[in-house]
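Order of writing sets the chain letters: A, B, C, D, E, F, G and H. Residues in each chain are counted from 1.
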Amino acid sequence: MDRSDIRQLLEDLKAGRTDIDTAVDLLSGMPYEELGYAKIDHHRAARQGFPEVVYCQGKTPEQVQQIVSRLFARHDRILATRADARTFAAVQEVLPEARYHKLARAITFSKDPLEPMYPGYVAILTGGTSDLPVAEEAAVTLAIMGHAVERVYDVGVAGIQRLLAQQGIINGAHVVIAVAGMEGALPSVVAGLTDRPVIAVPTSTGYGANFAGLAPLLAMLNSCASGVSVVNIDNGFGAGYMAATINRLIASGGSR
Amino acid sequence: MDRSDIRQLLEDLKAGRTDIDTAVDLLSGMPYEELGYAKIDHHRAARQGFPEVVYCQGKTPEQVQQIVSRLFARHDRILATRADARTFAAVQEVLPEARYHKLARAITFSKDPLEPMYPGYVAILTGGTSDLPVAEEAAVTLAIMGHAVERVYDVGVAGIQRLLAQQGIINGAHVVIAVAGMEGALPSVVAGLTDRPVIAVPTSTGYGANFAGLAPLLAMLNSCASGVSVVNIDNGFGAGYMAATINRLIASGGSR
Amino acid sequence: MDRSDIRQLLEDLKAGRTDIDTAVDLLSGMPYEELGYAKIDHHRAARQGFPEVVYCQGKTPEQVQQIVSRLFARHDRILATRADARTFAAVQEVLPEARYHKLARAITFSKDPLEPMYPGYVAILTGGTSDLPVAEEAAVTLAIMGHAVERVYDVGVAGIQRLLAQQGIINGAHVVIAVAGMEGALPSVVAGLTDRPVIAVPTSTGYGANFAGLAPLLAMLNSCASGVSVVNIDNGFGAGYMAATINRLIASGGSR
Amino acid sequence: MDRSDIRQLLEDLKAGRTDIDTAVDLLSGMPYEELGYAKIDHHRAARQGFPEVVYCQGKTPEQVQQIVSRLFARHDRILATRADARTFAAVQEVLPEARYHKLARAITFSKDPLEPMYPGYVAILTGGTSDLPVAEEAAVTLAIMGHAVERVYDVGVAGIQRLLAQQGIINGAHVVIAVAGMEGALPSVVAGLTDRPVIAVPTSTGYGANFAGLAPLLAMLNSCASGVSVVNIDNGFGAGYMAATINRLIASGGSR
Amino acid sequence: MDRSDIRQLLEDLKAGRTDIDTAVDLLSGMPYEELGYAKIDHHRAARQGFPEVVYCQGKTPEQVQQIVSRLFARHDRILATRADARTFAAVQEVLPEARYHKLARAITFSKDPLEPMYPGYVAILTGGTSDLPVAEEAAVTLAIMGHAVERVYDVGVAGIQRLLAQQGIINGAHVVIAVAGMEGALPSVVAGLTDRPVIAVPTSTGYGANFAGLAPLLAMLNSCASGVSVVNIDNGFGAGYMAATINRLIASGGSR
Amino acid sequence: MDRSDIRQLLEDLKAGRTDIDTAVDLLSGMPYEELGYAKIDHHRAARQGFPEVVYCQGKTPEQVQQIVSRLFARHDRILATRADARTFAAVQEVLPEARYHKLARAITFSKDPLEPMYPGYVAILTGGTSDLPVAEEAAVTLAIMGHAVERVYDVGVAGIQRLLAQQGIINGAHVVIAVAGMEGALPSVVAGLTDRPVIAVPTSTGYGANFAGLAPLLAMLNSCASGVSVVNIDNGFGAGYMAATINRLIASGGSR
Amino acid sequence: MDRSDIRQLLEDLKAGRTDIDTAVDLLSGMPYEELGYAKIDHHRAARQGFPEVVYCQGKTPEQVQQIVSRLFARHDRILATRADARTFAAVQEVLPEARYHKLARAITFSKDPLEPMYPGYVAILTGGTSDLPVAEEAAVTLAIMGHAVERVYDVGVAGIQRLLAQQGIINGAHVVIAVAGMEGALPSVVAGLTDRPVIAVPTSTGYGANFAGLAPLLAMLNSCASGVSVVNIDNGFGAGYMAATINRLIASGGSR
Amino acid sequence: MDRSDIRQLLEDLKAGRTDIDTAVDLLSGMPYEELGYAKIDHHRAARQGFPEVVYCQGKTPEQVQQIVSRLFARHDRILATRADARTFAAVQEVLPEARYHKLARAITFSKDPLEPMYPGYVAILTGGTSDLPVAEEAAVTLAIMGHAVERVYDVGVAGIQRLLAQQGIINGAHVVIAVAGMEGALPSVVAGLTDRPVIAVPTSTGYGANFAGLAPLLAMLNSCASGVSVVNIDNGFGAGYMAATINRLIASGGSR
């Protein structure tokens, strides 16, 4: 809401085209719901195109249950990440149609059948099999947000022919997510092969001096290839969300 | 080049629709030019939509001069980053029309006038005045690649009304680049206000425990907002390139 | 006790206005009680306005039990932090009126009903729900020390309207405690909105490169806003104690 | 500006008690001045009690000169930190009465004579002589903001009698700033001796494993004493500002 | 496959000396087998002299079981590292002749009796008894790859006569692997005594500031002796594989 | 064994004053006993004044049992550190007189009653109660090596009068061991009060940014007081051994 | 010198086949020359196949001059690394035939013409042009030690066709050295393409979070490919020496 | 000064055996001299056996000059460390007999000829020539404090025979100082050879991953040998002072 919006609103108010309560609502910020331990940002769906996502770590199952209930009252699609089985059980009590994605540790709910709503697809690559939980978190995020996904798993750079053979799928994607642990070289090689934006996700997979994902994180930040940006270690959700943001823009041609 | 491309090429060869020399060129990889100390990847323009960018740090002025000459022979636009005045002087000898962007430490050359080639614009925000060199490197990169830029400088979160007043420009952009040093909070706040993809760039600006940009880098990777991805510390070029990659896709609707 | 105090005391002694035992007590330092594994600093209440606080981590339940007993003999209010259920059980045996604050992992005891003893209140803000244990440790600390608290939870910067809507509560406070994990941006934004001192508490909440609270710690130390100082990661007690120290001074107008 | 302020303003507008331009100004955020490379937050004086402070590092002398000119047009007191001699020369051209504090690397200007405006004083302690530049930055900050200062320099814990002899000055202060490099033990010992809030400032003074201030920073964050909070390494300004914030509150009894 | 190989292949194809399917196979990369969650690189045996090694960490027992089955179908020797007892149980179901090396946490299988296939031996030294699991992982790797091993355990530098007494065995080896935790001094001393290449393996054995192997890792990288290179912390497999690679070359005189 | 010792030995040999076997033994290094997984350095008692100490971490109970048996065959006193209850049970089977020090996690055995064998005592100070396990490891080490110990526990610098009151004990000691976690300030303050050598031991006790002992370790290394040296985090044994080494020298006046 | 060598020597002595002085020399260690500030290890040539290499950093030009003079008196080939122009000037005074390799910062001297003495060659690869100084240090080291070198520069993974086109040279080498900064992915990709041992050298080339070579160092240690070991950051000498050690063994078939 | 000392003093006072001024002096702490920017601790000579040492880094030449003047007025021996040539020039103006030790960067002054005042000697070992400045700082410190020194330089572990040949000197010392950069292995090997206390000093000498001395620091803290303690990186003064403290105790048999 910038200066000209405000002027318009105030002129509407003065001219009687709108009333004080509406103006107060508009001016005092966007709506949210107070739960004491949390403030649900219901306006986010309008502002960012998808309702607030529930990050379950550090919340009790009861808190997640209540937040999901409130989201369900206003939104058609729900995503909860980093959820364990106990949390899912609590959610199921209030939302029996919710689905648990064990590998991705995510809970999803959709009132409609989950069909892609946007053209194109996002390619998700992993360096190895151990990167699958992170890759699947990205995939689940993309699916609930309405985007198609192609999985290209275990194409680490130690056997580069496996990766080169997938160039068709990679170049056909709108966005590429490259998930890798160990030395984190995958995004650099991929970005050198394509003109698609590459979202790099370091994982905490690996031996000793991996330091819980620090090694691939630094490698990805220092990529010698252009067209790469990086999200947090193991943050499949963040990569999926970023890819969805870009793909929605491609579909809309840049308009909101 | 995937399996079906190769089959097609070989069938063309067998059928006499192409000759061996062409096939060897296509199959043995994409063309590059050997300079001994460097191998210029001329194919990159075709593969990624822009010629190889010259990273000047660690190269002598003479090496940069020679590389730029060779690029000039085949390409219409040239970008060289991290260039000091001595390097620019060497480049000017062989390419008098080259332009030096002092703040951004970049050299550009374009055979045509530099008009935006793609619809929309990229908004570049900085937290403070000290972040300008990094922001300008991003701006120069975007301009030479054919994208329009809106600069929104010095909107750090300590005076948040300055940022809120720019929401119109931010939401009107196709992509947002948020450059910040110190605590690196800008991208989180911005991403919470918009549905545009936010490329975060940490800078090495700041007091003691900034540790040369480590503080804002970690902050940006840990952003509580969705739709943020991060490039290396002070890497304005990387952010500009990533934004250009996305904006080109928006323009093309996702096709190559 | 400085040079002139000592001269005065010695002149009193020589003049017979005080006796040797009193002087020895005063000069040989302040009283403490020897338990072998611990030396209880009973003088701290006089010196710092509140009895020694028991930090339970690294102590056996039996040790905590004994220390609490000794404190109870001389003081009206007791605080023990980082206490688990087993430790509380041991304390309850000797002090049945003690109260356990599960979320804050703290034990409190007060001979009188717990009414605020000082005007004003301390506002405690959190970025998210996962920060509640740390925030509650601060709240319990403030309460037992006689200060009123207002809780403003889950106002992270990704939905900044939630925070802006609380400006009244924030500016009405004497001191603000801002607790946040992830990128730790909350204190910077808050300090930019108010002229109250802001005590920042980083928490170990977050994904991968949070590095157990290092990311928000560095962010808070590098805050671009003025009027912020920082305590240790997850140190809700330290923040509460610091806020109490300041609020007591405000009440007394700076006199001891 | 919270919900009730907004309602009041709108009712004033509707009732004709205020006009649209005033309301737009009030609602569209607080005033700032656009310089392109910077946005001067003139509202900060009202919001936080002191005009925006100019952090000179990363700004050209010309930029600082221009910013200071604009601040001078609206405010009575100006502070610029991390200024070198060249920057001061540029400032002097437009503001000949400005004063340069060489040790503190700070520039100050005050229309009135610099008398303390608040009761009480802030005690600034250092562990050694090398900590003086940081301590003086704090002292200059406090003076320009209207607070009295007592300097207690070179009272490191290796000769603890020097510190103990200063207990009178320490306990007489409203706030204590403890500046130390090396092992950073000073704030812990001081906080154990007093009930005043202690602002700890680590400095980058020291041998090898000091790691540019990391050693005392960690030490201060881990202080075993209560009533300590920490600012960034070498951040004398931040400590001075925080102390001023607290002391102003003490003077006002907590009211704005 | 370089340019001249490709030309030869294409001339063969054109001349009818080979057919399209063979050429497609050769050109589209080397063979691998798709399992969805993994792509087994069967070509690796030809390319690197030993089939793909299964790294079990991060894989389910079922996944390892299936991968081992597929490897068994095409290769004579199999190695799986970082395997726990549950994984071995799953492997045994499909490959009862597989053997579990408990200390080394490795599974091996060989169709033929395990005799050394290459002359010479690799000496494996450890600084202490706690380094044995890592040393044994190296030993198992070497054995399954056909190399003889001499174990020289517990020769840490604090009792250097124990090491000096083993100079005969050390100088008789083709390659030396030196495994050490704590201060990681063993490889430096050993490399100073011999002209054999020394592969250094830091282990995560040790007290506090060992930081999970960082201390010996840094020590080994900084070795003042020449002829030392380093693998990852606890990476016995990597050291064994590197030693095998060198010893195979010695046996072949450098030819493939 | 230096050049003149060797010449003497060889002249003895040539002159028939010693025989070849004795000379070989002397020259080929000092005796040790081979167990395959370990080489017991029996000569250490002669070389360093106390038999090899068994570090139990990373060894199986069976290995410790066997090593202790062999030590028992040749030495009068045995020390095993970092031993858990299972390891002690194994040791007890073969050495029923062994004693387990639970807090110190150490096993000791002595054929004679444990009386101090050297004049003077070592003072062991701790900052808090949580440091006791480390302090006790030092105490047990000193006792088995024949030195007297005075314990001065819980004298952290936050209540400095507790420490000042112990100056008599501290200055009466031959050597001082100062054990502290958190900010690790204790050794600096102590070394400023005494002319005794101070061995500083950082512990992993503490809140968040303690980073498992890194904070006090760095603090102690950067001590502003002279006469301090540091051992590894939690290394009570190392501190005790160093103190014993010094105290034995004091007793002997420097002769071996 | 092991037990049997000593027995043999002593029997020779007793039997009069050798005299006491010779035996003392042999037994008291290997010869070195005392310069006060340095002890030249002349025996190293015999022990390790090449004379002691002079590391110039931290030595004065005069010290290097004197050490080189002494080496010249006994050896045919000399190598001094990390030498600046002033040091070379000092060396030239005493050894006019010495040669300075500016890019590699190395001084070499050889009495004979520098012809390869061993079959095969070592391939040295770099990721970019900035890695050349490190690569050249390796090349100079190999040349003076008698090995042939093939340079393959600027084959970073962002344009992987440049690397794939060099497979012939890579697979023809006896040993491969892969030098890379930034994300350090080169060794992983190379090791996946060949069965030659790969020595990885991280360089301090790169943007912000490279942290002076830490990023590629960690990446290389965590390589997902087998057959890689790592030397210190920028340690071209170490890589060259290790490669020479391996190639000499290949030439000798493993005998000394 | 403990409780009984104070009682005694007060009884003396009451009984007229001492006067108030004396008592005030004794009780108000030990004497120091106030210079504003510094407080000279003149009592330190009595308390610790040597006057306060001047650490010049971070002090202006004028400050050092003034401090040295004041020390000269009361003490016979003066030591100033980390002094550059300008500082020495300033000192010479007021104290022409002062001596500058260039390599050690130290200034010393002694009224008497510098003869060792204590029996025995301290052996100072270095790993290489680059460690000499640190070693010489230790040597100068020991000399001015009255202790004899034996230098054993360049005995790094890569040529271990050089070290073994010095065993006589090492075992004849009262205390051993081992100075080393790179991998910092020297103290471990030395401590394994002797029963003397070993003070380890890491230096910032070395290649890349040395990280300014972090590598040898961690190595020395993790030493597998007993009887080692560590001082800060490059802290030759600290090592010398610690060794002097121990050697003075050996001379006195432990009495003050």
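Points to keep in mind about this one:
Convention: a contact is a pair of C-beta atoms (placed from the backbone, for glycine too) under 8 Å apart; a residue touches a chain by one contact, two chains touch by 3 or more.
Keep in mind that what you see is a predicted model, and the values were worked out from it rather than measured.
Touching chain D and chain F at once are the following chains: C, H. When the interfaces A-E and B-E are ranked by how many C-beta pairs touch across them, A-E comes first.
Taking each chain's centre as the mean of its CA atoms, H is the chain most distant from chain A. The chain with its Cα centre farthest from the Cα centre of chain E is D.
Centre-to-centre, using mean CA coordinates, chain A is 38 Å away from chain C. Separation between the centroids of chain A and chain F, computed from CA atoms only, is 55 Å.
With touch defined as above, residues shared between interfaces to two or more other chains in chain E number as follows: 2-3, 28, 128, 158-159, 165, 193, 207-210, 214, 217, 221-222, 226, 232-233, 238. Of all possible chain pairs, the ones that touch are A-B, A-C, A-D, A-E, A-G, B-C, B-D, B-E, B-G, C-D, C-F, C-H, D-F, D-H, E-F, E-G, E-H, F-G, F-H, G-H. Interface residues of chain A, counted against chain E in their complex, comprise 128-132, 153-155, 158-159, 161-162, 164-165, 205, 207-210. Across the interface of their complex, chain F is touched by residues 28-30, 32, 35-39, 41, 43-44, 52, 55, 57-59, 63, 202, 204, 212-214, 217, 232-235, 238 of chain C. Against chain H, in their complex, chain C makes its touches with residues 2-3, 6-7, 10-11, 13-14, 20, 23-24, 27-28.
Against chain A, the residues of chain B that register as touching in their complex are 1-5, 47-49, 53, 119-120, 165-168, 171, 174, 193-197, 199, 217, 221-222, 226-233, 237-239, 241-242, 245-251, 253-254, 256. Of all residues in chain C, those touching chain B in their complex are 127-128, 156-160, 181-185, 188-189, 191-193, 206-211, 214-216, 218-226.
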